[in-house]
Every structure is written in C-alpha cells, then in structure tokens.
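What follows is a pair of complexes built around chain A, which joins chain B in one and chain C in the other.
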Partner chain A sequence: MNFEYAPAPESRSVVDLKPSYGLFVDGKFVDPTDGGSFKSVNPASEEVLAEVAEAGSQDVDRAVHAARKAYEKVWGPMPGRDRAKYLFRIARIIQERSRELAVLESLDNGKPIKESRDVDLPLVAAHFFYYAGWADKLPHAGFGPDPQPLGVAAQVIPWNFPLLMLAWKIAPALAAGNTVVLKPAETTPLTALLFAEICQQADLPAGVVNIVTGAGDTGRALVEHPGVDKVAFTGSTEVGRAIARSVAGTRKKLTLELGGKAANIVFDDAPVDQAVEGIVNGIFFNQGHVCCAGSRLLVQESVAEQVLESLKRRMARLRVGDPLDKNTDIGAINSAAQLARIRELSDAGSAEGAERWSPPCELPERGFWFAPTIFTGVTQAHRIAREEIFGPVLSVLTFRTPAEAVEKANNTPYGLSAGIWTDKGSRILWLADRLRAGVVWANTFNKFDPTSPFGGYKESGYGREGGRHGLEGYLNV
Partner chain B sequence: MSERVAVRKTYKLFIGGKFPRSESGRSYLVQSANVSLASRKDARDAVVAARAAVKGWAGATAYNRGQILYRVAEMLEGRREQFVGLGVPADEVDAAVDRWVWYAGWSDKLPQVYGGANPVAGPYFNLSAPEPTGVVAVVAPEQPALLGLVSVIAPAIVTGNTVVVAASPAQPLAAVTLAEVLATSDLPGGVVNVLTGRLAETVPTLAAHMDVNAIDLTGVADAELAADLEVRAAENLKRVLRPAPAGHDWSADPGITRMTALLETKTVWHPKGV
Partner chain C sequence: MTATATSARSDLSELGRSETALRTFLHGLPGVDQVGAEQRAAQLGTRSIKTTAKAQAIDLAIRMVDLTTLEGADTPGKVRALAAKALRPDPADPSCPHVGAVCVYPAMVPHVAEVLAGSGVHLASVATAFPSGQAPLEVKLADTRAAVAAGADEIDMVINRGAFLAGRYSEVYDEIVATKSACGDAHLKVILETGELATYDNVRRASWLAMLAGGDFIKTSTGKVPVAATLPVTLVMLEAVRDFRAATGRQVGVKPAGGIKTTKDAIKYLVMVNETVGADWLDPDWFRFGASSLLNDLLMQRTKLTTGVYSGPDYFTLD
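Entry: the complex of A and B
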C-alpha cells in the first residue's frame, strides 16, 4: 500500500511581488542614497524573489531623523487612545491579508506554509491586537502613574520568524509611544516591506515606522546612531555582545534576545508518545531555526531506549520538502551560510564521537536542505551539546536522577528556555524552580502568546518581550 | 588617675560572613583609620563567597528573607550612636533604618506585584514570576555613606540575590560598620560581601568576572570608567544599572526599579486537561 501524500501546494498567486523594493522612510518607499542593493532568494529553490535596497549610513540617518520628527510632532503628543486605534487597524489588516503574508513568509524564509499560516501569522496579528490595548492604559501597567516613551527605537531582527519578530518589536514600541527604525534580516526582508505597505494602508502617520533593509553594516549604523534612544536586538549572542559594548556609556536602553541551547527533559513516567511529539516539535519546528529550540534532549536512562525508538519512528514520518506544500513538516534551511554552519557543527558531532542518525529522506536538488538529525552518545563537552546549531539537529544525553537533570540542563551559558516531561506535578514545580531559563514548558513546548513574557537568563540576553513586561523596555522606567 | 586608653577597631573586609584583611596585606589611611586596600584577588574571593551563598539565600522563603532584612533594621537602630560617631548625620541613620524596613516588606510582595498569571489564548496554565538574577556587583554611591549604601544593597538582596559591594573609597567606615550589623542579623555569610579600597582596582575585575550576573554602577562618578566597566560587563551579558545622575536624591521614595532591574522573569506553561 502506498501512503504517500499527493502534492498539495498553496497558491503563490496571492502574492504580488515587485521586482525591486526601496527603503521605507518617512512614509514613502525611497531609493538608497548610494543605490546599493541585494537580492532576496527563495531558499527552497534559490530563485531570486526580488531586489532589495541596501541602506547605507546616510539612509539610516535619514530614517532616524524621520522617526525623530514623527516622535516629536505626531506620535509622541498623540493621545494613547488614538495610537491604539492605529495599532488595532494594523492588526485587522494583517488578519485580512494573512494568507498573502503567510505565503510570502514561506517563500522568503523557507518555513512550511502550515507553520507560517497557523503559527506565525495568527501570532503576529494577536501581538498587534494585544499591545494596541495597552496604548491608552500605560498608567495602569505598574510602572508608575505617568510612564513616558523613550523616543526613537532602533530594532534589528533575525530571519527565523521575520514578521513575528517585527511584531514583537514594533507593537510594544508604538503602543508605548515610541517611533521605530527597524532592520529586517538580509535574507528575509520581504514581509517587512509588505508590512510597510500595510502601515500606508492603515494611514499610520509618516515616520512612525521606518524600515531599512541591509546586512550587518546597516544594522551597525542603526544601532550606533547617536539619535536613537533605545536598541532592541534579537539574534546571535555574539552580535548581542558587540551591541552591548557599542551602547556602553550612552543613554540608550538595551534589550537583547539572544541564543539558546535548551534542555528538553524527559522523565521515565512521561507518556512516551506525547513526549516524542514534544521532542519533535521542540527541535524540528521551523527547521530548528528557533532560539528557544529544545536542542538538547535529556532523557532518563531507564527509558532512553524506548523513547529513542519511538522518536526515530516518528522522525521517519516527517515530510521534508516544498515549504508551500500544506503537508510539509520541515521546509528549507534559510540560507547557504546557515546550511554550512549546520553541516560544520554536525560534522564536528561525528568527529567528536557522537553517533549520528537521520531517517531515509529524499532532499530536493535545488535549494538549501538538511535532513532531520539526531546524535546519541553525546557528552556535555561535545560542541553539539554546547553550541547553538540553529538547525534540525538534536543532541541526546541521558540522566539518572532529577538533580542530575537540573545540573546538566543548567550547564550552559545560555538560559532561554527548557522543557519538562513528567506526569508528576510536584516534580514539574520542583524542576521549574531550579531551571535557569526564562521560559519553561512543562508537558508542552514552543508555545507562544502575546500576553506571555519571553526572554532569557544569562547569555541568552535581557529584557522580556510580550505581556505587561514587554512594555518596560520601551518606557523610561 | 590616668585616662583610659581606648581600644581601637581594625577595619577589615567582609567576605563570606568573615572579616579578613586584604590578602595583599595592604591598607590605606582614610577617615583616620587604616582600612583594608582590597586587591583583585579579594574581589574574586568575594565573588566565590557570593556565589556559594546564592543557593541558600535565593532558596529561602520570602518570609524568611523579609524577617532577616527587618532584623538588620533592628540591629542598625541599636547601633545608631556608633554611626553618628563616624560622622553619619543622625537623620541619615534613621532614614537608613527605615529603608531596611521598607525593603524588608517587599520580599513577599514583589512577586505578586511584578509577576502573575497570563491569559494566553489556549488551554494552558501560564505564570510569570520574578527570580533573582544571582550574583550582583555593586558600586556604592560615594555619599551619603550609609543611606546610599543601604539603598543599593537592600533592593539587591531582598529578592534573593547576593552581592559584592565596593564601598565608597573616601568614606568606607560606615560600610565596614554596616557589615558588622549584617554579621549579627542572621544574614547568611556571603549574601553581602564588602570590599574597601580603590574602585579602579577591584571593580574592573568584578565587571569582567564571568560568574557575576549583574553590575550596579550607581556609585561610579567617572563617566569614562563607567563606560569601560559596561564594555567589560558585555562579555557575559551582565545586567547593567548605569550610574545614578549627579545630585540624585537618596532620601526620595526609591520605587521598585532597583529591585526589578536585578530580577529575571520566568514563565512556566502547562496544558490544562483531564
């Protein structure tokens, strides 16, 4: 019997891509001063999707000035209830155009359409809707009777959840009364540019949101610009460190959401099938391009064999391929550079003595692909147990006692997230108290919500995004 | 009858609940006393002591921490005259006592004010609660010598952090005397560690130390040194409190931001179901 799925591709026709895009500054799309540009490609096919302007330091300066003017003249003085209405408008337009945004996100990023459609986009809209409601309630947010915005926020976001990270940054900033200059990642700029069109459609006053596209140099120019009052960055710990150094001695308020190496801890009393679903979701969601991915599986020794057998059986059923196919579980790796990094670390895993396994899996010829992979026999000293791989690669370690699980889970400079799988409530709470991580998922994993604060301990960064806490980074408190 | 010869006090460091001299064997003359001149090694020893104290202090109940901070206020009240004798104005001592009392009450209230349940859109229990960040290095304000010091130590430790404090180099006697108060207040050894000496010698070590989670630069008056310390702190992404603006009013209501700046928020999810 053949259980293969027939292709079920989502239509691309809902997306109207232009051949080239300018920078979004002061409410208009403009050409960059020095005319530089780069191409954004579909990582599943290597096809060029569009040519995108590369912002130089003069362009960044222009955007910061536009944001400053909008802050002083329009957005700052505007009553919170009116700011709220603009944000509600944006949330509604995102809902109305959600399919278009989801397809474009999958085209530019490589993530499966079922994730962009069912996870990213609903969360993006929800995030704007949530923070819209805060705009006229700031005196009740617990930061004193009259909290004030900071001014111009410089925001630099990664490529793994392009539009969702934009929402996490822009929604609270605008609700608190700041204006923003945002730089999307160079491999995934397109949904941010479509969002710029949505700002126009919402009649958002010019200069409140500015989008400057480009790579690291553009980001550096933005973060180091003396005219910004706030820097928010999501990305690698290495770049986060450099940003922390660059804002030293300035007035800029800084929040950082950086890397992770989360432990996903499975006890012997956990329902195996549920735990396996959680392990798969933890590491293979979004191709493992997730800072809070459960990339270290800590499984209790007595059930390790059983869990691994189940996990392998489940992994053999994962469908890797066309991101626009509605049945696809794992899409394309976002870029050639990221694929090279995943390969390099995986090779190091084998070289250091861990045992590598992937299910038989046919990968498309064009594009950037990596089969779901697990390593067993991993020790805490192995690079694949210490460094963030940011790909569909799981390192499996074992433990005997709860205390050992805590030791191993916390044995990392990171502290973003952790997972616990057990039927015993008191053990969950005991463990949750001891895990040094900002988000602890018990008997679930990779759940997000605009009301729920997200952010790291230790070298995973500081500040929280989401919830009441998420306002703090954008207020003078 | 001859006049009684006074017994003078030796002012030493306060590390791990003990009063050692600087391992360097050095002292400096200040406020008419030979005060220990802490070395970089003393700073590292203090971090080790502070780290060792984290588990017990962060793990203590909020009620227990609150009572101990209140006990500090009681002990300080009893030593009022001693601080006045060091030149601390009487109303400053009173304000310092009151500040301990104020912060003591926060230990079991801040988690309710600063955390809580999040109404997520799904069948999940979701709770955010603040936790101490860990070991905090603190540069105490140059003055007021006692109230400034209490105003930076109390908010850091009430939530379960442990601290290494660099005392005001020009007025260290109040800091060492406060350490004697702390040592008799049931505060576990290592929760507060006090270094005296030159900021430029010990603080860069603390700022760069990989086992320090946060640094409070409140007392760093030199903007260049503050920027340099912030750069060092970036190495392991310490939480940084920038220097207080000149002329900061230490007698004003401190608010809760000194506490919240040294907290991590942990959010726990669990599905609901039968």
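Entry: the complex of A and C
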C-alpha cells in the first residue's frame, strides 16, 4: 500500500512580521541616516517578507559608539553574576518564543521547520545558557586570575544558520563582558531583528547589543571601524581573507570561521545503515548550506558499490519542498545567487566527466530549489572535489587503504571537519590523530554542542567558538 | 535479480549445514551503531501524520493487529469474545475493517477457530513452550503440531535464546527448521525476544538466522519480559528483511509485539516501515502488531476522525 503523508504545515500565524524594520542601535529601533533599505524574501516562494534598513557608515559609527558607551558605563563594570542574569533571561525568552523564532527562521532562510525547530532553536538557547554559566566564573576558565574583556566586538554572520550563528557570536562576547555590533546576512536579517526585540524584552541595557543590517558595504564599514576592538566573522574564505587584510596591523583581535570541504570517510567495517544516515545528514542537512558539511564522501573501494546503492535508496526517500511542512527534509536554497553557484559547480562536475545522479523528485515552480545530488567517479582533480559548493551536492571518491584515506582527506586547502565511519575504535583514534581538521566526528556527523569547541585548520579559519575555548577570542589574553 | 544475487542465494542455503559457516556469516554482517540506530528511529518518530494520511494509517494498523490474549486465566469464553471483537472491532461502524489475526495459546485454538471460520481473520497460536522455550525439542514440536491440528494457520515460536547467547547458532537454526516443518502449511513467526538479546548486533544476527532457517515472519517479543518491542529494534529488523530480500529474493514479514499501546505509537511504526522497506511491507501479510489494548485506541482515534469528537472508553468494547 502506498502511504502518502498529507500536508502538515506549521502555522505562520505565530510570527508577527512588520512591513519594515529599522536598525537596532542603543536599545532602540532607528531609521538609517540615509534612508536606504532592501527586501528580505522567502526563498521558498520569492515572496517579500519585509523591508529592512540598510546601514551606511554613519549608522555603523552610531552603533559602534553606542556599544562603546555601554561597554564603558554599564556592561564592562557590571559584575559577572549580573551579566549572567541577563544572559539566562535571554536564554529563557528564546525557549519561550522558540516556535515563533523557528517559523521565522524557516520563512527567511528556507530551511525545513523540523530543523529550525529541533536543531537550530534548541542549540541557540543552549548556547546562551552555557555562556551565561561562564559569566561569573571567568577566573576559572584557564586564562589567568582576572581576565578582562576586549571592548566592542564587530560580528558578521552568514545566512545558513542566522540565529544560531548570532548565538555563537553574541553569547560568549557578552558573557566575557564585551558589547557587540552584529551584522546579519542580507538575505536572512529577520531573526536577528526579532532577537533585538528579545533584548528589549529582557531589559538588556541599551547599547550592549546593536544590530546593523545591510550587505557587504555595511560589513566592511563595521570591521574597518577604528572603534572596534575585536572582529569575528563566519562566512566565505574569500571575504575572510579580505577581512584579515583589513585588520592586519591594527590592535583588533580576529577570529574567522570560513569554508570547508570535509571528508566523510567510510571504511569497509562501518555500520552501513548508520553510515548512510550519516552521509545523508552530513551533506543534505540544511540543504548542504553548512561550512562543515561532509561534501566529499571517501568510501573504501571494497564496499563502495554497496554503500552507494544504500545511499541512493535512502536519498529517494528525502522529501523536498515547503520548508514549513513538518515532514520536509530538504527545503529551499537560500538565494538566487547561491542557486546559481550550485548550478555552476554541478555543471562543471558533469562537464569534467563525473557521473551525476539525483532521485526523482518534483521541485516547486516558484522559489529556489535544487534536488539532492551525488556525483560518482569523482577524482581529486575535479572542481567539485576541491571547491566548496555549499549546496546539496555530494562528491564520491574511493580509497583503498587507511593511509590513502588520510592523504585524500587532507588534500584540500580547507580543514574544518571530517567524519570517520568504522566499527574499529583503534582506527578512529589513529585516523583522528592524522586528520588536519578542527572537528572530527566518529560514527556520527554534524553534531553540535555549546560545550564543544568548533573551528578550523588552514583556510577554514582560526580561533575556536564554543566551549571554554570560545571565551578566549573575547578576552584580553 | 542480478547474477551476484543468484549466486548469493545458493550460498545462503548451504550456511545452515555448518556451525562454522553460519557463525562466519552472522558475524560478518555489518554492525549496528547503537547511537545512530536510535537517532534514526527517533527522527522517524517526528513525522507528522494528519488528516487523510492518519485515516489511512489507522485502518491499515487495525488490519495489522494480531489481537492477543496470552494469560493463564484465558478461558473458552474469554477467547471467543476476543475473536468476536476481531471480526467486528467497532460494532457501531460496519466500515471498520477486521483485524489481521487472533493470537492465543494452543489450548484455546479450537474455541477461536469456531468463531473465525471462513472470516479471513487468521488464527495464530504461540507454541514451542512459549514464552521461555525451555523444553525439550520434541515437546516443542508436539506443541506446534497440536496447535496446527486444532486450526491455527500461523505459529508464533520462540527461539532458543540460551543457545543463541551461548553462540550455538546451529542449534537455534535446527530448531527453527524443525518447527517450520512441523508447521506444515501454517506460517511461521519466529520470536527473537529482543529484550533478552540485548544488543542490536544480536538482533540483526538473530533476524538473519531466523530468515535463513525458513521463518516467514520475524517477531520482536513475547511480551513476557520487561523490554518488548521498541522502534530501534524494529528498525534493525526491517533493515534485515530488506537486505535478506535483496540477497535471496524471498520476502519476510516483521511483527513488533508488546508495549505498543497507542495510535501514535502504531503510526510511528508504519512511518518506519514506509521509509525503511516501503510499500511492499505496508500490508497485513507482511507487517503485524502484536497487541491487545492498541485496538481500542485505534478505534477511538478512528471515531474521532470520522465524527470529529472523542467518545469515552465506555463506547468501545472491552474484550
């Protein structure tokens, strides 16, 4: 019998979208000085969700000054236990309003509601709870008896996990005693603006958190502002390089979390069914818009056929469509520009001779969509094995021996994450020692926890976010 | 089927002849990662099945129920009443389908057979010294033959867990083969008692062992030990029947039993069947629920869907 799941859409009515949003500066929503604005659209339907202010350099200047004043007068001198109270309060409000935030995240980003509901939002709240706990314990964090904050942090975040990246940036900065000016991505500014409302609701002192919306120019004005003590960026390696150049020679402390081309390595003794789940989760989670995505599958040649057959069968079960449907596994690509990039690289994969496969799946007519895709017969020389695609596209390569697996896995300018699938514990330890990646998952993938540090090797960036290590980037050590 | 699968088929039939071959094969099956299997089962449990899909699932689940009573206190009167309920689960609604089977002890089979005759509802009986299986083989086989002779067309046997856990796979295998032959035309469901096998690796091996020995169904539990059917155990068994069919061409059914009490639970299992083995198993011939109280919850939810209101438990028969 064919069992068809009826549509099960999550209601949009929990979200109260305003037609337009200003900048959040010094505790208030304000209009930008030169009145510029842009539109944020729902990538699943191309419907305009809201008009959002575009911050110019004067606005950025205003925000940095507000942050400076708050740092000097209120937040910096405040005892850690009092900062903790605000962070705990924010964490609780996030939990209370999690449905609203999850729906808005899915509307603005295109990710399936089951992920924003079950992954993003619980992690966002967990990050605030975790760092709230550190605020009054900084002398015990291992950075000396009385570590001091840096001052004003300029934070620029990407569109793939809008609210989660905000939490990764804001929670440790505030816990350590810094104030922040944060710029969300131009395609996904809405949950950051709702977070600004939460800061108001939590009575967070004015100027501690400032949100300036805009595109690349706004970001550049922010990181290059002389009043900034710290720059934290998550995004592409290309932009990361430009930021590193602009920050070089200044007193600004910098952390970068950039691209990746992670190897997900499957050995012949792997638990096959769970490895296949891990491969699917590794590359199709969040439409593959994940910097640590397992975008290169390295499978031992002796089991390659079996693993690929299972993988294809599993991929045929993926449900692509309306992000607000609770049964959707893969939502919309975040923007037309990203879709164009995924298409370009996939076409290059075919042109260079790799074999392309997607399960039969019907894509909606409006919006930005890309079917889950795998390429087999890929070699290290293919562009799709080297460049970050940042989409639901998996390149499959094979290896013969553990040493060859290490060699291929490390043969990339990136080094953010890697996955190992084997039943042999000793091999996991042997391999993890040799993989040049900041995060190595064993028999799992894309697992995140606020207590665990996250960050890259090589061109995947530097500095760590999360855990005790995540405090370091926001302390004068 | 490809040439590989054909040659695999002939290889597998030889396995039971040698303890070494059987052990090598079972221990060569891919392992199960506990965390991953449990995570996958939990993810499938978050599917949202509403409106038409829910109605479809409820009717299917009712048709898949093996309505069960396995008590020392069972009497002819009790099992006749249960059989009557199996035929007409909801007397108020003739559109309600009948259940898949009635499942009773061998001594109760004749009483149930009278009621079910010609109805299309199967008559299952537990045999082989259920639930422990701790009896001499001859006794177990006699138990089986008696149940079949009295009218059971499905036999739910227990495997010899003691032998399995001691690594004497051939002994388990031979007992299943002997029981299958004692069944004659009756379908054989092999109860693995997964709660006593403890690990998912064991569940996968026992599943293959039962299938290799000729079982028509693999079933999780007797319902007589503390841990009965769970979603991850059923997931591992579904993967086993899927892989077994791919290797041999023979389809084997799956029956989770014990602890499935609500419509919500049942729907989670159906989602898991749908997304693990697909439409071929979404049929009472290939998937069953061993349950008793589940049926009334399914009926309550069914009535709620058709009438829009919940009726109290007093509107449903307690048999």
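Everything below uses one rule, namely that the second predicted complex is superposed on the first by the 477 of 477 C-alpha atoms of A that agree within 3 Å, B and C clash if a C-alpha of one lies under 4 Å from a C-alpha of the other, contacts with A are read in each partner's own complex, and residues count from 1 in each chain.
Everything that follows uses one rule, which is that a residue touches a chain if its C-beta (ideal position, glycine included) is under 8 Å from a C-beta of that chain, and two chains touch if they have at least 3 such contacts.
From a predicted model like this one, the values you see are computed outputs, not experimental measurements.
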### Query
Thinking of the overlay built on chain A, is A:Lys326 touched by chain B (first), by chain C (second), by both, or by neither?
second
### Message
Contact-wise, after the overlay, does A:Ser37 reach chain B, chain C, both or neither (first, second, both, neither)?
### Response
neither
### Query
Which partner, chain B or chain C, is in contact with more residues of chain A?
B
### Query
In the superposed arrangement, which partner chain does A:Tyr462 touch: chain B (first), chain C (second), both, or neither?
first
### Query
Of the two partner chains, chain B (first) and chain C (second), which one does A:Ala6 touch, if any: first, second, both, or neither?
second
### Task
Quick one: classify A:Thr444 as touching chain B (first), chain C (second), both or neither.
both
### Message
With both complexes overlaid on chain A, does A:Gln148 touch chain B (first), chain C (second), both or neither?
### Response
neither
### Task
Identify the partner contact of A:Ala432: answer first if only chain B is touched, second if only chain C is, both if each is, neither if none is.
first
### Task
May I ask you to decide whether A:Gly278 touches chain B, chain C, both, or neither, giving the answer as first, second, both or neither?
second
#### Entry: On chain A, the residue positions that both chain B and chain C contact, one per complex
443-444
### Query
For chain A, which residues are in contact with chain C within the complex?
1-6, 8, 114, 118, 269-274, 277-278, 317, 326-327, 423, 443-444
## Note on the structure
Contacts from chain C onto chain A in the complex sit at residues 30-33, 35-37, 39-40, 46-54, 56-57, 60, 239, 270-271, 274-275, 279, 282-283
### Message
Under the definition above, what is the set of chain A residues touching chain B in their complex?
### Response
126, 142, 144, 237, 240-242, 244-245, 248-249, 256, 258, 413, 428, 432, 437-444, 447, 449, 451-455, 457-459, 461-462, 464, 467, 469, 472, 477
### Query
Where on chain B does chain A make contact in their complex?
113-114, 118-122, 124, 126, 128, 133, 213, 223-224, 226-228, 230-231, 233-237, 239, 255, 257, 260, 264-271
